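I'd like to ask some things about the structure below.
We call the chains A, B and C, going by the order they appear; numbering starts again at 1 in every chain.
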Amino acid sequence: MRRQNYRTRAVILSVLLLVILMAIYLSGIFITEDMILGSFLEAKLPPDFQHFFGTDALGRDLFLRTLKGLSVSITIGLAASFISGIIAVLVGIGVACGSKKTEEAITWVIDLFMGIPHIVLIMLISFALGRGFWGVLIGISFTHWCGLARVIRAEVLQLKSEPYVAISKKLGKSGSWIMVHHMLPHLTGQILVGLILMFPHAVLHEASLSFLGFGLSPEQPAIGIILAESMRYLSTGMWWMAVLPGLLLVILVLLIDKLGHLLRIIWDPYSSQG
Amino acid sequence: MWIDENKMKCKQQKLLEIHNLSLSFQRYGTWLRQESLEVISNLDFTVDKGEVVAVVGASGSGKSLLAAAILGILPPNAIVQGEIYYQGTRLTARLQEQLRGRDFALVPQSTTYLDPLMRVGQQADGHRKPRPTERRKKIFEKLSLPEKTGKLYPFQLSGGMTRRVLVATAMLTEAQLIIADEPTPGMGVEQALEALQMFRQMANEGKSVILITHDIDLAVLFADKVAVIYGGNTVEIASSRDFERGEEGLRHPYTKALWRALPQNGFEPVWGTQPYAGSCMKGCIFAPRCSMRTWECEEKMPPIRELREGEVRCYHAT
Amino acid sequence: MKMTGRKLIDIFIRNSIKMLSLLLAVSFLSFLLVSLSPIDPVGQYILGLQTAVSPEQRAEIEEYWGVNEPPVERYFHWLTEVLQGELGESVIYRRPVAEIIGERFINSLALMLCAWLISGIFGFILGIVMGRYYDRWPDKILKKICYILSSMPTFWIGLLLLLIFGVWLKWFPIGFSSPIGVLSRDVSLGEKIYHLILPAFTLSLMSFSGIALHTREKLWDVMNSDYVLFARTRGEDEWTILKRHGIRNVILPALTLQFSSFAELFGGSVIAENVFSYPGLGSAVSAAGLQSDLSLLLGITLFSALFVCTGNMIANLLYRIVDPGIREVKE
């Protein structure tokens, strides 16, 4: 059947995307500091075959720096989505299964987190942790869980009204048994897709924060840092410093987003058609 | 004498004729193979001027799509075959577009058919200019809708008021043909009678009404003629009087079974399930459930034929 | 009507109480975070002075700032001052925080308002076009553009615009909302607007895809509703339906979304202002964070929360004022 084909295609495409993402990630890991280290003789070169993205003011290869930076972005994005996901699951289930009072309290907390612009809150958290890697990571983790928590809450509430859950309850199954056997199987897909769709946001926020100077320190390779540096050389005509690394970042984000949508199709072909 | 005859002729003038109407859906989809699903096949009936025709059938018989087919508001993946004539002219998509809201009016069933954010009066007036506000007010009054109704939003109406507003939209037009789609479900008997009476009234004023319903019991009380649909096919066209006479008055075994299923006539359930139209049966669509079937029925679909001033699609009906 | 009026006041009061409680919590949370920081504000302050400071002087500063008080006491001390409208003094600008916020908020407001209007109007129109041609080519193209735009980091959009319009076409200056060397109060309105265009454009590019995609979905739902089907049977053509029913039913959710997007708007302005060195709250808050200007950081955080909560409250009220019915039907 064609339908099977469509899903198979989604599976193949998503595996392909995963391979590309892994390649970016691994290449970033294998690029060592001294590979990036350039010489002043090669400073400010526009893109050519030797340096795909050109070189920066210190003569470092921008392509290698960008890859390295993206791999750091992926690390932070993955970790932050994961932590956010755990918070979201706990909160979402807590709201759905707890008493009315817990629900109100948690809704209030969500409103609190939504009440401060995310960037400002991440800045504050990053400031509290003395900036750097952990600052951004925790900052992003603690600001991205609200949306997914709401989705999970709605889903759990809906599952609770399903007849098979009510029957299980009548049969004397415990709440945790129902949770494991009836709810988690349904939620896993939602959570997974939610996590992957959160991932690009986390990456974008990391880049923005590093750009503003709250994220990774200038010595570390980070896409935000590269782009912040590029601002200084914009007026001298070094366009490649701003355009190319940013373009690669956008492509990365689009790839991850596409992956999320593909996984949603694989999981639940009827919910999404594109 | 000849005047009378002329009158008769005038009364019998055909407003709408449906010949051999078939309707199927083409299902496209990136992952679905293209397939077509036939929901109506070989549908025939005519509607005369000043007549109420009840189209009766169990749910899933394709009768609601009939309204959409006549009005030309089917989804784009629907394929219509056969002909529909209106006042002798064959309907085309273009003509249907012109007739909608002028000669044709639909009376839908529920409040979801009203724009939730538009005042009822403005909605009933419609989009055409000049707005018939004065006439609308009179019609509202005639339907005993309070004067303030026009200023209300749909969510503020009771079920009965909503129904009358929807009827008012049809009365406001000069429509010759009114199609009422399941106007009675969810109503008490009294309300249903009141609703059907409104349609009878319109027919008495010279308009024609197609009453799509699964409630034979009530339909028979107000309709002149009943078209019975089974699996997307017309199986019988009978006058309401035939129903009053009971089983002998009726022709098709399915109609008889329906009659017996009415509470006052024994409440005998109709055995079996209704197939989809076009479910690859070469014979009579009712054959699998029919007690009168013979080899003939299973070989070839019986044509619709005239019988005792009615019509029936059965070899054995007498 | 009386009932709805009273209900609205009721909702307003309940919202206000909630908003106050949220603001209080924001003040506590942000103070907590700032106090947790290992970054030593006094040290940063002294660094900023760029003069040698004796230990006695340092102790004096610490005494003045209350660094050695227990945190809870410090919080209440700070809170009572804030409630009296005393936000403290900014270390980097050497001026009262309230004054800085007031001055910069006007700049930020101009920027955000422009972007808000541009993204709202264009996003809505594009959403209508996309919904009208749902799944046909205009929709497919616009949808792709929206997805790509929402995958672009705001600062990169800013950089590109700066590169194209500033460096290559030389239509706009690179950075600074006022010409260098001119006092801000001497800058003419025309110049201000001139310096506003690129950041406002950046900011609206960031936020318009959300509203467009949302409107697209809503319009699609409306066009497939029973009441539009009924309108069709009454002889309304597609254009009339769009005018009579489509826009009427789509504009309210769009407005609500616009008002509840103040958080993203503010966040975006932080970035846009930094890219274009625009003297608003956004550039001030990041400067305050980077240079450990605690009073300014806390002040702007509180103010941004007030801003966001106001937007949410307007969205909440709007939903009920314009459309009292929807809720009742759902309940």
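Here, a contact is a pair of C-beta atoms (placed from the backbone, for glycine too) under 8 Å apart; a residue touches a chain by one contact, two chains touch by 3 or more.
No experiment lies behind these values; they were computed from the predicted model shown.
Student: For the pairs B-C and A-C, output the one whose chains share more C-beta pairs in contact.
Tutor: Answer to which pair has more contacts is A-C.
Student: On a CA-centroid basis, which chain has its centre farthest from subunit A's?
Tutor: Computed centres place B farthest from subunit A.
Student: Could you work out how far the Cα centre of subunit B sits from that of subunit C, in whole Å?
Tutor: Taking the mean C-alpha position of each chain, the two centres sit 56 Å apart.
Student: List the centre-to-centre spacing of subunit A and subunit C in whole Å, with centres computed as mean CA coordinates.
Tutor: 22
Student: Which residues of subunit A touch subunit C once you look at their complex with the stated criterion?
Tutor: Residue positions touching the partner: 108, 111-112, 114-120, 123-131, 200, 204, 207-208, 211-214, 224, 227, 230-231, 234-235, 237, 239, 242-243, 246, 249-250, 253-254, 257.
Student: Write out the stretch or stretches of subunit B touching subunit C in their complex.
Tutor: The contact residues of subunit B facing subunit C are 71, 73, 97, 100-102, 104-106, 108, 110, 112-118, 126-128, 153-156, 169, 173.
Student: Any idea which subunit C residues touch subunit B in the complex?
Tutor: Listed in rising order, the residues of subunit C that touch subunit B are 225-227, 229-237, 240, 244-245, 248-249, 252, 323, 325-326, 328-329.
Student: Help me check something: in the complex, which residues belonging to subunit C touch subunit A?
Tutor: Going through subunit C, the ones touching subunit A are 18, 21-23, 25-26, 29-30, 32-34, 36-39, 147-148, 151-156, 159-160, 162-163, 166-167, 174, 263-264, 266-267, 270-271, 274-275, 285-286, 289-290, 292, 297, 300-301, 304-305, 308-309, 312.
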